[in-house]
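Think of it as A, B, C, D, E and F in the order they're written, each chain with its own count starting at 1.
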Amino acid sequence: MQESLVLLSGNAHPALAKKISEKIQVPLGEMEVFKFADDESFCKINVNIRKRDVFVIQPTCRPVNDNLMELLIIIDACKRASARSITAVVPYYGYSRTDKKDQPRVPITAKLVADLLTTAGANRLISIDLHAESIQGFFNIPVDHLYALPIFIRYIREELGTKDLVIVSPDAGGVARARAHAKRLGAELAIVDKRRVGNQDQTEVYNVIGEVKGKRCVLIDDIIDTAGSITKAGEVLKERGAKEVRAMVTHPVLSPPAIERIEQSPLEEVVVTDTIPIPPEKYSKKLTVLTVSELLAETIKRIFYGESVSSLFV
Amino acid sequence: MQESLVLLSGNAHPALAKKISEKIQVPLGEMEVFKFADDESFCKINVNIRKRDVFVIQPTCRPVNDNLMELLIIIDACKRASARSITAVVPYYGYSRTDKKDQPRVPITAKLVADLLTTAGANRLISIDLHAESIQGFFNIPVDHLYALPIFIRYIREELGTKDLVIVSPDAGGVARARAHAKRLGAELAIVDKRRVGNQDQTEVYNVIGEVKGKRCVLIDDIIDTAGSITKAGEVLKERGAKEVRAMVTHPVLSPPAIERIEQSPLEEVVVTDTIPIPPEKYSKKLTVLTVSELLAETIKRIFYGESVSSLFV
Amino acid sequence: MQESLVLLSGNAHPALAKKISEKIQVPLGEMEVFKFADDESFCKINVNIRKRDVFVIQPTCRPVNDNLMELLIIIDACKRASARSITAVVPYYGYSRTDKKDQPRVPITAKLVADLLTTAGANRLISIDLHAESIQGFFNIPVDHLYALPIFIRYIREELGTKDLVIVSPDAGGVARARAHAKRLGAELAIVDKRRVGNQDQTEVYNVIGEVKGKRCVLIDDIIDTAGSITKAGEVLKERGAKEVRAMVTHPVLSPPAIERIEQSPLEEVVVTDTIPIPPEKYSKKLTVLTVSELLAETIKRIFYGESVSSLFV
Amino acid sequence: MQESLVLLSGNAHPALAKKISEKIQVPLGEMEVFKFADDESFCKINVNIRKRDVFVIQPTCRPVNDNLMELLIIIDACKRASARSITAVVPYYGYSRTDKKDQPRVPITAKLVADLLTTAGANRLISIDLHAESIQGFFNIPVDHLYALPIFIRYIREELGTKDLVIVSPDAGGVARARAHAKRLGAELAIVDKRRVGNQDQTEVYNVIGEVKGKRCVLIDDIIDTAGSITKAGEVLKERGAKEVRAMVTHPVLSPPAIERIEQSPLEEVVVTDTIPIPPEKYSKKLTVLTVSELLAETIKRIFYGESVSSLFV
Amino acid sequence: MQESLVLLSGNAHPALAKKISEKIQVPLGEMEVFKFADDESFCKINVNIRKRDVFVIQPTCRPVNDNLMELLIIIDACKRASARSITAVVPYYGYSRTDKKDQPRVPITAKLVADLLTTAGANRLISIDLHAESIQGFFNIPVDHLYALPIFIRYIREELGTKDLVIVSPDAGGVARARAHAKRLGAELAIVDKRRVGNQDQTEVYNVIGEVKGKRCVLIDDIIDTAGSITKAGEVLKERGAKEVRAMVTHPVLSPPAIERIEQSPLEEVVVTDTIPIPPEKYSKKLTVLTVSELLAETIKRIFYGESVSSLFV
Amino acid sequence: MQESLVLLSGNAHPALAKKISEKIQVPLGEMEVFKFADDESFCKINVNIRKRDVFVIQPTCRPVNDNLMELLIIIDACKRASARSITAVVPYYGYSRTDKKDQPRVPITAKLVADLLTTAGANRLISIDLHAESIQGFFNIPVDHLYALPIFIRYIREELGTKDLVIVSPDAGGVARARAHAKRLGAELAIVDKRRVGNQDQTEVYNVIGEVKGKRCVLIDDIIDTAGSITKAGEVLKERGAKEVRAMVTHPVLSPPAIERIEQSPLEEVVVTDTIPIPPEKYSKKLTVLTVSELLAETIKRIFYGESVSSLFV
């Protein structure tokens, strides 16, 4: 396999790339990726990739535009260097929340990014828990869409148990995702519903739909950004008598003041994955990080050998 | 306007096209659309459309593939006949529920259809209540996405009033849509959640999340197909003490045995729109049909004159 | 070969697919292809096709639009499931007679279909006796265009003999095709020429150009649709003294009232191929069906192994 | 009109361009088109064409590749100079006879040329009597396909009369074209059929299908190249007793030794059009040249004003 | 004009956009362009742009990737909001120096950016002094390429005079650019040629080709980045006896330590344009900034009215 | 290797193709490439190329348009005949000097040609010393850009020695190229600068920038066309006291009166390569021809085996 499979990593998440490389037992291809003095990104691949299948590992997390442009540039370099195929491995797909035009004269950036990747020369995308599943349809190249769900399910089963468990969606939009977890675990479902009341729409009222009293609640979401909604949801659940509240969220975007909010919240634990690197200043005792590196390593291997990826999720 | 705006209608919904034509005061362009003896569709446009802005009105409802192919053929004919622009007016966008790959080796037909329309030569799409808003991103041509919500809101306000009103989502996936209606009306929200229990997954249990006792429930959905879920939801709501239950659904697909189910259900009324024609054999006293023709006519006019369409929804 | 060659069949002609599968000794890949209650087509491929060469067998015969859409959907699913290559095996290419704009503001549907197939993701087309050879040029993907001619020639040589044989074109447009058969068999050529006379163009007059008296005539055509022209041609040839008249036509479209006409006509025999399935209600003693399955099986094998297909016709 | 309609002419046929310019009363746009010392073609347009509708008049006749490349270069220059639309006016479409793959591993150059024109930036094609009508389908831009038929019909009616007239196709492939003329004139149809006989296929035998004795024959074809077939057909018709034989052919390619053959043949007259320039050394008393300049001028005007072109042929 | 011409500005250079807007007397269209907490860029256009010609003013200077992505997003929003045309006004085209593959396995980012702009939906580019003129050919949309040369020439004529003037290229690659200025001014030409000598290539030696003693030298370049080469060239020219040395450079990238170097150098003056904003911390007494706003305003007006842009440079 | 690597040659340079074939030990694939009587090019490949990697050797030298069109046609035939990959081997890339729009309303033909090659179906380009390196960016397919520099360097080292050597650029535009040679050889650099003086721009004055007195000058350029500039540069260098003057130029276009000029010039020797065939009438004692066939053969082999091509130039 080593011969014709090449793993490359931009600057977005070298730690994850290294883990994948170790699991797959293929060294990371040597490459320089840096910015010139004038702030322009550049890359130079130092290993032959002609007729090789290249996998470029790069979540498009903060700094989003730099990481995205870096990814596009690496893909362009691979294309011009005669790679046989180029797979963009983007565990966290930035801009995924701008996936529709819900107000006039705004972009659909998630689609734009799909077109940019294809234009640059990507032949395939691997991603995890896309904010909207329809984003797969933004591409005409194959998308291997992976789920963190089995990782979370295993963690719940092994670490928490399913007794008195209620899976909670922190808002109306995420009910389907919470529903899928509840179904797998045979757990109950609840929803935290935020709305504004009064003439000037200025007071927010939180409503919990479903039974949570005396329960162990697990809030499920795909992205934790400033952590405003999820920590507020945690408070509301506690007020309604929840015994304990946890959050399990795939992508730890963790924009300020997320960590402060988490630490001050009644949330027992926030379980995330390593699709996005968490810098030292964001470490918190409440954070548990599960790795997606095995999932990605296994997926890359199966793609390379032409084996079924979907059977990973049976 | 008459000069360079051309309205064409395939065989899918001539009644709607006629209404639009009357409201916009532009006659329908003469066109033959038919099948040859060998089942192949064909069209011949009998008015000059050179340098004209053509709007082709054709929901892709049953017979889905015939209506879709007819639409593609008309667009191809318009393109080759030198139309200045071609707008596909597809009030009901068939295949919209196949908008993601949620199991291995299936198509994303909603995206395929977007590509087919673009390939045939469409320059713009007008549609109403797409099953997933992300479908807008399946296109790189402009999409004017309209909402039936104001039509339903007006009906509720004028005909039903908002006292004791609860807006109900018939399943976990539709909560966001129901949420939008509830917010506009200042009404409460509830959810009917179906799940299977037992060893063989064979018994369905319905759970109502939220308060419905003594309430006037309005189930909100975008598509009513065989009416299984929505009539079952009606029953469940009644069992939980709802005072009355209605359904408001944009697209009346009404596949058998939808009408039987509706008539036998405790649903007081099923309010739909005319995005899809309802053949005489499907008439039911419980059905109320609101027209989208004014909405479409106004949209076509604004597009033609370069006026804002979004301001229609303010 | 079995490893990486996958044969798939839609619902258009499973019997032909089965024959090809047997000859090629590769089982048909398991797949569900069906319509939902709302008339929308869907497919789900149940075997891994990643990095496989997939051949999808689907003539686009009646119901034309359903079969075409089914084909497009299967191709889309194959593309998204990472097939290495996708070959559309379309023995009968529907819409092939709408291959030019011979009146104003009509589509060129044969080209549109070519674009739709390419857009969906087909990498190659295999077809037999395209109505116009130029349809090959509608594609920029390779087209392996096969001929039924050798099958007919062999049948004539083995079953009929070439004594007193005249090859007849049933109209002016098909002369080149008839010419090719006549040349191979060393037979004479004749043409039936239909024209309308009189002020209102209402009386049809049939003219036979060439000698047919006392001859054994074989009418050659690519498509037999309602059988109007060919049975009329048969009558005219008999009137001009032909000893016997047969028809040999590649694609048995056989739209009503084709069978009635054939049975009532003086045609001795109508020889067709199985590019299109013939349902039981269309069986007739006068019909002889020759199979193209060996031709298709051999072609698929050669394509898979990178061998010359054209040498099949030397 | 003068303001925003621009006529340009390459070096292929300035005389025709001048005639069109005079009829349309728009001067030819000033442009230098020439070859550098190294044989590379170049053009420089000396009038502003920004936001103008440009028509580039250039048949792709001998020298074919130079004329074609010149046309592509002019289109590229127009595109980069911000023309609003670019119409390639190609009265004779070179390579039109290479429109299918009738032997293994050959190009379909007529399609390639269509793709080259589109790639360069053409938005529309105007052409006359394409060798195969399906070539229209090689394009996805609008094609205004014109016919010389009315010009020939008028000439026959006015100059020859229709008494005892037989329209003759010089080979099996052109029967449909001859058929259309015969129908319009109410004339009889005949076919000259060439075939080779004997063991080594070395002797050519000509067969006339249809009645020509004592008739005035008009051979109809789209292209007269080396004039081999058509002069031979003339001889054969004379041998079969034709009273007089003429040829009417749209495109006078007239490759050597066409003129010698025509002069030595029993053909009374060869009527052609000026889609291709006839250099002085090819002048012959037997040649009659009818102009297509009015047809082209009228078509350009109608396209520019958005009027129907097809109504030209009613 | 106001009606259908819309000027938009991202965050890259609002001051330049404002100047253009004033000169062209069209207000800047209201638009919000900002980053969400998660570092993702977003825009919302607050004026109707349907059927309008939109010009988006955004040099892709530092922060390069943010400014580029912002530009792409704005273009996407314009496209989906039905703009009639979208012109990217990019006075400084970032990544223009990565315009070729001069080492193995590197990107050609200047081409990639061209493809990204086109993919997003741009219909035209306006730029000034592209680092390589061939970058125009990276686009298939029209490029209006402007020159700062007349602005510099006028400044020299009016402020400096041409007596004893020598135009100097600071390196071998820029000779053609310097040559064009020298020719216009009738001035002499010189070149500073840097090379490394010695075994380890470690000592740099500067050579001046041409006469500079007692002359007034003007170094000409397109981009001043860290100012290393140009200040070194200034020193070398002084050492060779130049009377005074100035630099005239179109694009003031001015990456640190450019300003320090300029201030410590023997350069009398560095004349630049405002294609890139110069933040207050980079102000220097030696810097003279000439504006390109009139040039851009006039160009936008001419494009809008369909007038010649090239005549600006005669 | 022989199995799946196919070498094809058009009519442009069979001698070079033969040399490559011998070095690579793969016979040239049998193919007919010719013109029909009507001047249209045609090709027919007589070996199976299905699933083969095809390399088409064809410099686009004089007759430029014929050679280019031949190349496009061969590529089209290969694509339709199911080649696995098609590499255009174009040692001399015609039209490379029309690589930018340096005057209004001219084409960028070098880009147009890139698009034509890609449209026809080329998957890769191999070329030598492109006039502008940015032409690589005109392609989105991989370009293997080779340099004749090592061949010239070797020749100088082995045949001439580097004593007193000065590398001279014959004009301002070629300085960078000359610079690269000077650097490799540790030689000095000089430039011949032509300018026009006087009111009517009618007198040409030649200026030599740099020291050439008593030196052995080697003029370096990429293309020698009519040899006007380079022979004039030779004269000027001699006048300035150069001891001897040679020219080394990659592509011998040699348009008349190049040979006369060379023979009458003071140039000792003109060293060129065989990227373009030199017909017997252009033989001259002063011409030395170095072959690029080994370079091309080695490159083709490495591409076929997936080895690094760039390492050829280390």
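Just so it is clear, contacts are C-beta pairs under 8 Å (C-beta built on N, C-alpha and C of every residue); 3 or more make two chains touch, one makes a residue touch a chain.
Keep in mind it's a predicted model, so treat the numbers as computed, not measured.
J.: If I compare contact pairs by residue number, which of E-F, A-F or B-C overlaps with A-C on over half of them?
T.: Repeat interface, by the over-half criterion: A-F.
J.: Same or different for chain A and chain F, when you check if over half of the residue numbers at their contact belong to both copies?
T.: Mostly different residues form this interface, as fewer than half of the numbers used are common to both chains.
J.: When the C-alpha atoms of chain A and chain B are each averaged to a single point, how far apart are the two points in Å?
T.: It comes to 33 Å between the two C-alpha centres.
J.: Report the inter-chain centroid distance for chain D and chain F in whole angstrom, where each centroid is the mean of the CA atoms.
T.: Spacing between the chain centres: roughly 39 Å.
J.: Determine the centre-to-centre distance between chain C and chain F, using the mean Cα coordinates as centres, and give it in whole Å.
T.: 50
J.: Which chain F residues touch at least two other chains?
T.: Answer for chain F, listing residues that touch two or more other chains: 80-81, 101, 103-105, 108, 111, 115, 136, 140, 143, 308-309, 311.
J.: Select the category (line, ring, star, complete, other) that matches the graph of chains linked by touching.
T.: other
J.: Output every touching chain pair, sorted by label.
T.: Applying the touch criterion to every chain pair yields A-B, A-C, A-E, A-F, B-C, B-D, B-E, C-D, C-F, D-E, D-F, E-F.
J.: Mind pulling up the chain C residues that touch chain A in the complex?
T.: Interface residues on the chain C side: 4, 48, 50-52, 79-82, 121.
J.: In the complex formed with chain B, which residues of chain D make contact?
T.: Residues 124, 136, 140, 142-144, 302-303, 306-309, 311.
J.: List the residues on chain F that touch chain D in their complex, please.
T.: 37-46, 49, 62-66, 68-69, 72-74, 76-78, 80-81, 94-95, 97-98, 101, 103-109, 111-112, 115-116, 119-120, 225-226, 253, 255-256
J.: Which of the residues in chain B end up touching chain A in this complex?
T.: These residues of chain B touch chain A: 99-105, 108, 110-111, 115, 132-138, 140, 143, 145, 172-173, 175-176, 178-179, 182-183, 189-191, 193, 195, 207, 209-210, 308-311.
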